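Let me begin by presenting the structure, written as C-alpha cells, before commenting on it.
By letter and in written order, the chains are A, B and C; residue numbering begins at 1 in each of them.
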Amino acid sequence: MTYLLLALILWLALWALNTRLANGPSSETRAVSLAIPLIFGATLLAIWELVVRGLDVPLVILPPPSLIAQTFATQTAILWADFVQTFVKGALTGYVIGCAAAFLTAILVDRYALLKAGLLPVGNFMAALPIVGTAPILVMWFGFDWQSKAAVVVVMVFFPMLINTVAGLGETTAMQRDLMRTYGASYAQTLTKLRLPVAMPFIFNGLKISTTLALVGAIVAEFFGSPTLGMGFRISTSVGQLALDMVWAEIVVAALAGSAFYGIIAAIEKGVTFWHPSQRT
Amino acid sequence: MAAPDLPVISASGLDLTFQTGDGPVHALKDVALDIHKGDFVSFIGPSGCGKTTFLRCIAGLEQPTGGTLSVNDMTPDAARCARAYGYVFQAAGLYPWRTIARNITLPLEIMGYAKAEQSARVERVLELVELAGFGAKYPWQLSGGMQQRASIARALAFDADILLMDEPFGALDEIVRDHLNEQLLALWARTQKTICFVTHSIPEAVYLSTKIVVMSPRPGRISDVIESTLPKTRPLDIRDSPEFIEIAHRVRDGLRAGHADDA
Amino acid sequence: MRNVSPVLMVVAVLLALWYLAVPVMNIKETVTQLERGGAQVVPASAQERRGAGHFGLVAKNTFAIPATFVQDRPRLPAPHQVGAELWDGVVGKKITSKRSLVYHGSITLSATLLGFAIGAGLGILLAVGIVHSRVMDKSVMPWAIVSQTIPIIALAPMIVVVLYSAGLQGLFPKAVISAYLSFFPVVVGMVKGLRSPDAAQLDLLKTYNASTAQGFWKLRLPASMPYLFASLKIAIAAAMVGAIVGELPVQGGGLGNRMLTGSYYGQTIQIWSALFAAAILAASLVALISVIQRGTLKRMGLS
C-alpha cells in the first residue's frame, strides 16, 4: 500500500513540477524543453516500478524496470548478437537495397509519363497494404537467415520511398523549369541541378518513414522462421518461456536502434536540406 | 550578330491560339514588330493582352501557331539553344540551396564554362548589379530587391545580347522599384544590350524605354507603338518634366482605346 | 477513364511478368516430380540438376512448362491458382468453415475495426488535450513523436501472451495491438490539424471574444479534418498490420494465422490467397475512409 501511495504522491509532485516548468518564464529554452519530457518519462518509469512492487504483479505479466535494466546489463552479449543479426544484417542491408532500388525506379518512372500514370496508383495502393504479410513467402524463398529478412525489408520500404521520390521530382515550379529551358539545359542537367535538390525534402521523408518500416520488417519476418539468433526470434522464444524481462530488454534495444536510426537520417537531412524553410528555424 | 540596321528581333503576322476547355483563346493576333540592337522596349497593357505571351514566344517558351518570328536571324528555339538571351522572371527564382554566387554560376555550369572563367564572371556581374560581397550569402538571407538584382546578374552572366524581362520589379515596393529602375538604366547604358521589358506600370514603361508597345486584350494585339523622345540619360526627376507627362498621356490613351473595344 | 488505361497496362505487365516467373521458380521441383513419374528429363541425374541454373532447366525441359503452373505446393503459385483459391475461399466454403477466407477475414476485420476505433478515439482525445494543455504538450508530445520511430510491433507477441495469462483472449488482445499502432499516427496528425488555423483566423475569433470551446468547435475542429482523415488512412492500415501480426502466436484463426499455418505446412497457395485477402481488405478499408473523407470535406466545402 505504501508503494501505491508513494506512486500517487510522486505522480502529483512531478506533474506539478512539470506544470510549473511548462508555464514558467523559461519554458521555451532548450534545456527546459528537453527536461520536461525527460521528467515525464522518468515519472512513468518510477510509477511502473512502484506499482509493480506495490501490487506484487507477477513477473510473467509485467517485470519492473529495475529488473529489465538488470537483464539488459547482464545479457549484453546476446543482445548485441541479436542486434547485429536483425538490425545490421537484415534491416540495414534491406534498407539500403530497397531505398536505392526505389530511388532509381522513381527516376525511371518520372521520365516516362505513361509509367508515371500507370505505376504511381499501383505504388500508392501497395504502400497501404499489409506488405509484412509477404514475410512467410520470402522466408520460404530466401531461407531462414538474414537474407530473407533483408528481402522483406526491401519490399516494405520500396513503395513508400518510390511514392515520396516521384512526388519530390514533380515538385518544381513552372518558372524553375522555364529558367532551365532558357539555358537550353539537357535532361541530365535539369535533373541534377534542379529537380533532385528540390526533391530532397521528399526523399528524406521517404527515408525517415522507411527506417521504422525496416526494423518492423526485419523483426516480424523472424516470427516466420529464423536461425536461433535475432531480435524477433528472441522475443518470440522468450515469450514462450515467459521470460518477459528478456523480451523487454529486446524491446529497449529495438527502441534505441529505431530512434537512433531515425535520428541519424534526420541529422543528415538537416545537413542536406538546410535551405528548406522547415529546417531554417 | 545582326548588322546594326537589321532588326535583332522581328515578328510579323504572329498568331498564337490556346485550345482550352471553353474553346480557343486568341492570346496573340497578327502581331508585327521590329526591335533593333540597343533598343529598350517596354510592353504594357492590361492582363490578358498577351505581353508576357509575346515575350515567351521570343524566348522560345511558347510556340506561335502562325506568322514568323526571328531572333538574331534564327528561329526562337534555335536562338534559345544558342543562348542568345537572358530571361528575368517575375520572381527572382533563385535556388535556395545555392549561394548567390553559385546561383549565378548555374547557367555557366550548364553552358560548360571553365571554372576560372566562372568565378571571374560572377565577380563582374555582381559588381554590375551592386551586389559585390554578397556572393557567399544564401538567397533567403537577402531582401526581395537584392534577390531580384541577383537574378538579373544571373541573366547577365553569360553575355547574351538580349535581355528579356517579365515584370521583374512587379512584386517590389515603390521605393525599391525606383532604385532598381535607375540601376537598370545605368546597366543598359553600360552594356548596350537590347532589352524587352514587360510591365503594368505606365511611369516605369515611360521612364525606362526608347520604345513603348501598348497592347490590348481579346485578342491580344499591339494597339500603339510610341517612340520615346526622352534623352538617353534620365535622372529620376525627369518624371516631372512636361515631355515625360505627355508620353505618359499617350500611353494611357492607347490603353483606354484598347479597353474601349471590349465594351 | 484516361487515367485508368495506364494503370490497367501496368497491372497487365505485372501479371505477365508473374506468369513468366512461374516456370523459372518452379522448374526444379516440377522436373524432379516428372522424373519420378517416369518422364525423360535433362539432365537426367538429380546431382547434375542441383548445380544447374533455373533458366537453363526451363530451356532444356520445355515440355515441363505446363506442369509448373499446376503444382500443389509451388514455390511461386500462378496467378490463376491464387485466384481460384481466393474464389474458393470466399464463395466456395461455408462462412463458418475453418477454410473459409470470409471466416478468417471477419476475425481479422473485427480485431482491426475494434482496435482502430479505440486507438483513433483515444488519439483524438489526447490530441485535444495536448492542444489545450501546455504541460501535456511539453511532456507527452515528444514521446508521441519518438514512439513513431520505434518498431512497436515487436511488442505484439508479448501483449497477446500477457493478456492471455491475465485471462483475456480472443478478439481483445489483437485489438489492443491494433489500437496501439493506430493511436500515435492519429495523435500526431490531429495535433497538427488542430494547430493548423493561422494567427489571423485565431485573432478574428479573439475579436469576437469567443470562448475556448467555441474556438474548438467552430475553428480548430473543422480545420483539422483534412489532417485527421489523412492520419486515419495511415492508422487503419497500421491497425490491420497489428491485427495480422497479433494473430501469429494464437490459434484462433484470422488471416495472419492462415499465413503462419500455410508457412508451417508449405501450403504456398494458402499463404498467397490469405495475403491477397488481406490486401483486398486493407485496400477496401482505406477506400472506405477516402469515401467518407470526400463526403465530409465536400459538405464542409473544403474539397
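Here, a residue touches a chain if its C-beta (ideal position, glycine included) is under 8 Å from a C-beta of that chain, and two chains touch if they have at least 3 such contacts.
Treat the numbers as computed from the prediction; the structure is a model and nothing was measured.
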Please flag the chain sitting at the greatest distance from chain A, going by CA centroids.
B
Argmin over chains of |mean CA - global mean CA| returns A
Quick one: chain A and chain B, Cα centre-to-centre, how many Å?
50
Let me have the rounded angstrom distance from the C-alpha centre of chain A over to the C-alpha centre of chain C, please.
18
Averaged-CA centre spacing for the pair chain C and chain B, given as whole angstrom:
55
In chain A, residues with contacts to at least two other chains:
none
Per the contact definition, I'd like the list of chain A residues that touch chain B in the complex.
173, 175-176, 178-185, 189, 193-194, 197, 200, 273-277, 280
Show me the residue ranges of chain C that touch chain A in the complex, using the header's touch definition.
3, 6-11, 14, 75, 134-135, 137-143, 146, 148-151, 153-155, 157-158, 161-162, 165-166, 233, 237, 240-241, 244-245, 248-249, 255-256, 259-260, 262-263, 266, 268, 271-272, 274-275, 278-279, 282-283, 286
Can you name the residues of chain A that touch chain C in the complex?
15, 18-19, 21-23, 27, 33, 36-37, 39-41, 60-62, 114-115, 117-119, 121-122, 125, 128-130, 132-134, 136-137, 139-141, 211-212, 215-216, 219-220, 223-225, 231-232, 235-236, 239, 242, 244, 247-248, 250-251, 254-255, 258-259, 261-263
Interface residues, chain B side, partner chain A - complex
56, 59-61, 80-83, 85-87, 89-91, 93, 95-97, 106-107, 109-111, 138, 140
